[in-house]
Structures are given as structure tokens and as C-alpha cells.
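Here is the structure we will look at, set down as C-alpha cells.
When the chains are written out, they are named A, B, C and D in that same order, and each has its own residue count from 1.
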């Protein structure tokens, strides 16, 4: 079993709460209020900016040129993803200025700063474990929602599902799982497994709170 | 006007939402559900552990021995405060083991990691500004709630009000305000005021979310 | 006067010691022992790896996406420069394996870790000021040594002089100077000038020690 | 064998170069030029300020309250040691102002910033391993030099030898060795031993350079 799978198994409840969250069930069914999705998109942009910083941190934390180059790849990918995001948001009528003027929601702050602080305090394994519920979880969710898109090409959230069920997204997740395995061999004596599992479970809970924020902000907007 | 007062004025709405939160109105009136307060206390313990790390960060960030010694004082005070907290919690029937076994709530993660990340990313001013809604706000709240305690010595939250209305708490707040003024002269050209004001407003919003968490966890427990 | 020029003026002695170091006089005259240059090249490779980490740190320290993207550019450039360096070293008969197996000299450790620690402890201005004696100084040196290369195309250190007198190198220096000016407006009240000037002077002294290391290692090798 | 002893054995040459350095042989024989010792003392004061920051970093890096409290103890001890140092220097006619006005030598920068950067980049084990050549090495040296002091109570460096051969110094070293063992169990899979051994060897080489600095500055002063 990969280290990632051990972590996922140890956080069984947190993982299923996250990946099976009501926000996603509604998104899959196409019944998610547009206001919920739009607010989620805006916060996700603010989230990505902090994620870029987390990959920069991975490069800073590198011991070898290979470590640094790996962080650089993640940083490049994150910065590119913010540009994709700006385009997706434009289709939803949200401008970059609007997104940048929106205050970060506590749920956005919670997950992003948890990753950044966990990575700074700990080692590269801690950092990648804290990042993984996002990278791997989104791909897992994308794969699960793919049939809903295939059944209905006019799905209101087609683009989002297409992105996270894409070949590229699945590959990124596979790479992240392999990276965690490699870092585990380098940094993880068995006795520390529980500590790292706690980090994974906490990060996963922060992801659930992020979905919940989408629902809450959507409901608040609709009054 | 002190820099702190300028920050507070700039974040007028956030500050009044925080210091006048329903959690505090109920606490003042003595009507706050015990479950809400107990859950708040537990999360506040987890919060204090991260705050100790923030003062350690202040010592690390020091340029002079005086800076380092100032951080050390804050770290010492935080570690002592966790011990006070353990005693207060014991009176509420909560053991240290229970607190340490409780997962951090997203609202706890949000504020504490925001402070830690803001301080690491920025300078000593950023760090102290992010800490100040807690240090100064609690003293301001304590002073405002003092009459409720004087009117009713059997107030159910007597100990909490007594602590934050105490001479010592007021002095800590005055010191923090003076420290921010001193750091402002050292690190803040006027053109950067808006950036620092945004940090202050964000930290203040995270404090409001912390009160809300108390209410939500209390309501969830009571079913 | 640019902030960079104010810093250079304030560190007049340190700057002239650095840019007029005997290592450079010998390099210009073509009399620098090959052993000195070869040892310098090897340490410079180890130096570049840490410099890549410093640009990653700049990206991590960013407050805006523009800040992060700027750090990313520096990181990309540094990683590319290590590759250029590997090729230059290959011409001198030094393999990548040899360089990576060489222990870092105290002078290499001193400058690189000074930059990294100064940047982590302080703000983006501190980081860029600590980086600038390298980025700007090398271009200034390159421009000054250019006539020696033009007078003698078979100059033993032609490639090194060509690199640092190149258009691209001069542009990088101009960009770094502009960046420091912009950061100065953002982060530097006049009262803090002395503190930042001390950082600049220290970093410049570390650069002088790096040249001296080249001479010392060369002399030691020749017995 | 303790982890510390494994590290010391792996860095056999570096360790004997450090602990048997000519500076120490002359100090033991009482023939070390006073100018060398005085310059060493001044740099050692600047060194201690950075070491205080390193213990603050250990507290920041803590995962548990016990970790934080352990860092706090080291920080307290370091700040106290700077005060002892000021008194020792006063006896040598060196004022605090003089020490604070002295620029840090590259050898001082090299070791202190290496410790700080290694600790920030890595985990608590990396940090404590980088600190250990100082904490444990000085006690080992003190114990070895003790007979020289017992043979001659008027030894010119009596106070220095007394301090590092003291019960308290030996205990600090024993604690540091135990701490590294405990952290090794927590953070070190066998496969990472070589990486940590490299950190230890590098830190030890930086200590040798620090002794050499004493000799060089002394010689320069005497002209």
C-alpha cells in the first residue's frame, strides 16, 4: 500500500466527509446553486495564490537541485493554474479585480495557512502531505464525477468536472502520490506515522470546511 | 493617534463585529450556553499553543538582543497562560488530555496559522499587527464586561471576565499598542499603511469566526 | 539617487574592497592561477544552488501574485544558470559529480546562508538587498573588465568576462536596482536606512571573502 | 552507540580538526596571543545572539507544548549566556557597545547562519544536529583542558576553561546528546543518516573556521 493510501485509510471518516460532501453531490447532480459555485470559484482563486507560495516553499526547502527543480515545477503549474482560473471565472462574469478585492474567507485562510505553516515548521514530507488532500482529492472527485458529465454534455458544471477528470489532473495526482512515497522513505520512521497521519486528517478536514463555505456563502447571497 | 488606533478605525466594521459578537453579548448576560463556553475553552487551549509559537517566531525574527528578549517575554507569558488555562479548564471538568485529543477547529486553524504565516512572510510589524486583535481586543472586551461582573459576583463567567479586565491584561494590551507604534516607526512608510490595515482587518475577521465557532460547537453538542 | 546607490555609497570601503579584490585584478590581467579559478568555479556552483533557494524564498514571501511571479522568474533564471555553469565547468574538466561531492567552503556558506537567513528573518527588501552585491556587483565588474577581453580575445578568462559584461547581465543588474527602489518605497521609512545599509555592507563583505577563498584554495592546491 | 556518537565517528577528521585546533592547543598551553582571544570573545558574543535566535526557532518548530517548552529553555539559557559573556568581556576591557559595533566576521556568519538556515529548511533533528558541535564540542574541549587549569590556577584562560569544564556545561552536553537521540527516533529513518551526517560534518567544519578566525584576527591586530 502506498503511504498516501495508508494516510487515506487512517483518515477514513475525514476523507469520505470531504470527497462525498453535499457541495459535491449537488455539483454532480447539477443542482448546486450558482451563487454557491461562484463564491467557491472566487475563494478558490485566492486559495491558488497561497498554493503557489506553498510550492515556492517546497523549492526553498529543497536539499538538492532536484528537490528545488521539483518545487519550481509545482510553482510554475500553480501560477499557470491561476491564469486558467481567471478565464473560467470570466465566463462566470467574475473579473480578476473582483476576486482580488474579495476578502479571504476563514475557510480559505484555514487550509492555505495550515499548509504553509505545516510545511515551514516541518519537513518536505509534512508539506506534501498537507498539500495532498487537494491535489489527489480533486482528481479522485473528478474521476468519480466524470460519468455525470458523459451522461450530460450540457452539465452546468461541465468545465469544472472536465478539468479534474482530465488525463493531466489524474497524472498530477499520481505524481503527488509517488512523491509522498519517495519522501516517506526519506523522512518517515514508522514511529512518526501517527504524527503525519494527524497532519493529513487535519488538512482533509480543512478541505471539507472549504466546500461548506461554498454552500454557506451561496445561501447567504440568496438570502 | 496611535498606529493601533488607526488600524482599528480603518477596520471599524470588522472590529465592532468582533468585539460585539453575539457570543460576547450572551457571555456578558450570563446566558451563553455552557456547552458553547466549554468548547470555546478547549479550542482556546489549542490556540494558545500556536500563540506560543508565534512569540517564538517574534524572538527568531529579532534583529537585536532587545528584539529577541521581547519575543522571549511573550513566549514565557504564553507558556504560563497555557498553564492557567489548564487550571481554568479543570474547573470546567476538562482535562489536559481531553484538550490535546480534540482536533483543532477550522476557526482555530484559521486565526493561528494566519498569524504564523503572516509573521513568517512579513516583518515584525506584520507579526505584531496580526497578534493584536487578540491581545488588545480581549483587554478591551474585558474592560467593557467588567461592570457585569461587579453587578453580579456569582456571574457564571466571572473568572473569564476577571482575567481579561485585570490590571495585568490591560497592561499587556497597552504594551502591545506601544510595541506596534514603535515597530511602525521602524518598518512602516505611509504608503504601506493599506497593506498592514488589510492584515489587521483579516486577523480581526478570524477572531469573529472564533467566537462563532463557540456558538456553533455549543449548538451542535446540545443537538 | 537610487536606493541601491545610496547603499553602495554608505558601504564605500566594503564595495571597493569587493569589486577591486586582488582575485579580480589577477583575473583581469590573466595572471590568476588556474587552480584559484577552478576552485572558485566549483564553489560558485554550490553557491548558485543556494541562490535558487533564495529566489524561491522571494516567491514564498510574496504578498501579491505579481510578487510571486517575480520570485518565480528569479528562480527559473537561477536554475538555468546552474546548467550554464555545468557547461562552463565541463570545459575546465570539472564534472557535475565532482562539484556536488565538494564540501561547501565557509565563505560559500557565509554569503549564501546570510542571504537566506536575512530574507527569512526580514522582508522582501532585506532579501533583495542581501542578494544585490552579487547580482549588481558582478555586472559592474563585468563591465569594467570588458576592455581587457576586447584587447585580447584569447584572454584565459574570456568566457567569464563575456558572461558578466553581456547585455543580459547588465539588464539583470538594472532590473535588480529598480526592484530595490520599488521595495524601498514599499518597506523603508528613512529611519530604517541604517539597518538596511548594514545588511548591504555585510553581504558585500561576504562577497570579498568569497574571492579570497578562491585565492586561498588555489594557493593550497599548488602547495 | 548514541546517534551523536555515530555522527561524530562519521565526521572523524572534521571533529578532530575542530577539537584539536591550534587555537585550542595554544589556549591550553597558555600561549595563545591575548589579541586572538579578545577577538574570539567579541565574535563569540555576536555568535551567541544568533544562537538565541536558533533556540527561538526550535520553539517555533515545536509540534507539542513539550517541544516548545524545550526550545524556550534553550532560548532562556542563551540569553543568560550573553549576559555572562558581557561580564567576561568586561574583565578583558571590552564593552558591550564595542562588541555590538564590531562587524560579524565571515566565520561567525558562516556557522550561525548555517545553523539557522539548516533548522528552518529541515526539521528539529536537523536544527539540533547543526547546533551540537558547539554545545557538545565545547564541553568535550572543556573536560580535556581541565587538567591544564588544575595544574595552574593562574592559567591566563582559567575562566574560559572553568566554564566549559563545569558540571553545568557537561550536563548541557549530555542533555543535547539525549535530545538528538530522541529526535533521531522520531525523524530519522536509517536511509537518511548520510544526509544528517553531512549536516553534522559541515557544522563541525564551520566551528574549525571559527577558531581559525581567532588566530587570524589576532595575528592581523599584532601586525
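Just so we're on the same page, a residue touches a chain if its C-beta (ideal position, glycine included) is under 8 Å from a C-beta of that chain, and two chains touch if they have at least 3 such contacts.
Everything numeric here is computed off the predicted structure, so don't read it as measured data.
Asker: Give me the set of chains touching chain C intersected with the set touching chain D.
Answerer: The common neighbours are A, B.
Asker: Which pair wins on C-beta contacts, A-D or A-B?
Answerer: Pair with the higher count of C-beta contacts: A-B.
Asker: Check the residue numbers that chain B and chain C use where they touch, and answer same if over half are used by both copies, otherwise different.
Answerer: Mostly the same residues form this interface, as more than half of the numbers used are common to both chains.
Asker: If every chain is reduced to the average of its C-alpha atoms, which one ends up farthest from chain C?
Answerer: Greatest centre separation from chain C goes to chain B.
Asker: Could you state the distance in Å from the CA-based centre of chain A to that of chain C?
Answerer: So the centroids are 38 Å from each other.
Asker: From the C-alpha centre of chain A to that of chain D, how far is it in Å?
Answerer: Averaging C-alpha atoms per chain gives centres 43 Å apart.
Asker: Based only on mean CA positions, could you tell me how far chain A sits from chain B in angstrom?
Answerer: Comparing mean C-alpha positions, chain B is 29 Å from chain A.
Asker: Give the residues of chain B touching no fewer than two other chains, as numbers and ranges.
Answerer: Within chain B, the residues that touch at least two other chains are 53, 60, 120-121.
Asker: Looking at which chains touch which, would you call it a line, ring, star, complete or other?
Answerer: complete
Asker: If we count contacts the way the header does, which residues on chain B are in touch with chain A in the complex?
Answerer: Those in contact with chain A are residues 53, 103-104, 106-107, 109-111, 113-114, 116-117, 120-121, 201-202, 205-206, 209.
Asker: What part of chain D is in contact with chain B in the complex they form?
Answerer: 49, 52-53, 56-57, 59-60, 62, 64-65, 68-69, 71-72, 75-76, 79, 82
Asker: Flag every residue of chain A that touches chain D in the complex, lowest number first.
Answerer: 60-61, 63, 120-123, 185-189, 191-192, 195
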